[in-house]
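Letters A, B and C mark the chains in the order given here, with residues in each chain numbered from 1 onward.
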Amino acid sequence: MKHVPVHVSLITVIEIVAILVGALSGFVEARRKRMDIVGVFTVAFIAAFGGGTLRDILLDRRPLFWVMHQEYAILIFVLALLATPLMRTVKQIISERVIVVADAVGLGLFAVAGVAQAQAAHMPVFIASMMGVITGIFGGVLRDIVCNEVPMVFRDGKPYAICAFFGAWLYIGLQYTDISDDTALWTSAAFITILRLVTWKFELHLRSHH
Amino acid sequence: MKHVPVHVSLITVIEIVAILVGALSGFVEARRKRMDIVGVFTVAFIAAFGGGTLRDILLDRRPLFWVMHQEYAILIFVLALLATPLMRTVKQIISERVIVVADAVGLGLFAVAGVAQAQAAHMPVFIASMMGVITGIFGGVLRDIVCNEVPMVFRDGKPYAICAFFGAWLYIGLQYTDISDDTALWTSAAFITILRLVTWKFELHLRSHH
Amino acid sequence: MKHVPVHVSLITVIEIVAILVGALSGFVEARRKRMDIVGVFTVAFIAAFGGGTLRDILLDRRPLFWVMHQEYAILIFVLALLATPLMRTVKQIISERVIVVADAVGLGLFAVAGVAQAQAAHMPVFIASMMGVITGIFGGVLRDIVCNEVPMVFRDGKPYAICAFFGAWLYIGLQYTDISDDTALWTSAAFITILRLVTWKFELHLRSHH
């Protein structure tokens, strides 16, 4: 019943896209573990909001993003209800390639948003870069812990968190230039996404020669 | 040494009963994992207070329930000391049926208390219902994570969290009627408990036909 | 670029030593799980700061220790970069005995510091003793959860947390004597370390007779 504000800030758009991508990874992982609807919703929710929630708890920021925007919680709830019966179809439509690409976009957006939030809370610069990486990867880390797996991002040797880390520092570095903050945000997020996808391609190539 | 207040609020009674039931589930699970006394106490503590503690961290409520009432922490500590040598006897006395019933009572009480606390913190209504479910199930979720298991509530397909969810909405709905808040609390908690036990019976029956 | 204060408080020294010891346990465990550099850094970070961070979240203390002192986060980051290529050498230099001793020192220092912080936040006395044990052991607990293990401290039957618990109460007890707070801190920390090492020796001896 609330009026949607005409001007939606860039960071809000960033977070919405990243949340949907995160939830998708949760759906997939929860189904792989043969979880029921409760598990599917919870794991998707944790994958989507876990990184930002951990960041906000560490920064002592309240209300949490998903508390302020219950519409996103409801969205994931509805998607979880739809995802369970439609998962076979979804699996056929959404290939691994799509998931990797969407995940790379989410990583870029989450990480840069995390740095921005940490800097808004006056964190020192290295901690701000860590908060960016935490925001980017801890949704997946918490998802894997709940699914009783060693977190993928800690063991697969792929430069996932490292892309987020470099992008976080690119964003921090761009603040010392004349570039506007919006441009710096998008540039850094795109840098992380592209870096992630390039390294993903390269990694696959390397593996195919084993 | 403190004076016990003559008028103990309903929510306090609710939380005490639910805590003892939660601790019992922790004792059982920790023993199943062959944990030592430290594990038994910690897992019981997490099972008893984990859901409410997570809710309070998410809501940024302090002091935590068990910090304000250290007598409950001491109670679980003493029970853990007694539980270890007496576990064989306890196992003979307390059957699986008793644990399921006690757990269903705890679920109802925890969940409704969680909704009430979230509403007291001015959460939007869907988030309040989620906080009720979190309070009801995350003691068990955290218990299972510490015990290195995929949380039972996410994978057994039994309508456990769903009972809490429906009861949370019953409680929210009853607030729009003339029923007193106390009656609404007890009615919703009892609804969850009964719904849980009915579905438990039904589930068992379904399984026996496989 | 900041000036290092000439007078560094005892608790600060305590925490620095304990952090380095905690990080080492994280390096070892992450390598055992064949984690990559991201996992090695994160697990070391969690092992080093996890107990204190959980304590501070429970007490609602901010900023967190490692946010105020980003130099320690950077230190662990550099050590993680060095640890990965040098791990074989490190393993040869640092025997299990050294790790156990360093860990016992860390346990004593973390636990007593945790009690002091909890008392500074006006916690009741049993909760303060629990906060000491949490500070002492939850770095390792969270490390093991992230590494997808049942926490060692809950299952090996060794009096690890119990040493911290007794030392916490020794520290609390010494506050009723004429001993200075500094002396009480060091005495209790040393008591925990020695008690831990004595029980470790004894435990090993018991096992060798099986």
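Observations on the structure shown:
The criterion applied here is as follows: contacts are C-beta pairs under 8 Å (C-beta built on N, C-alpha and C of every residue); 3 or more make two chains touch, one makes a residue touch a chain.
To keep track of the chains, here are their UniProt names: A, B, C = Trimeric intracellular cation channel family protein.
Keep in mind that what you see is a predicted model, and the values were worked out from it rather than measured.
Counting every residue number used by either copy at the chain A-chain B contact, under half are found in both chains. Rotation angle relating chain A to chain C: 120°, from a CA superposition, given to the nearest 5. Per-chain CA centroids place chain A at a distance of 31 Å from chain B.
Contacts with at least two other chains are made by residues 57, 60, 145, 148 of chain B. Across the interface of their complex, chain A is touched by residues 57-60, 123-127, 130, 137, 141, 145, 148-151, 153-157, 160-162 of chain B. Residue ranges on chain B touching chain C, taken from their complex, read 30, 33-39, 42-43, 53, 57, 60, 62, 64, 66-67, 70, 73-74, 77, 145-148.
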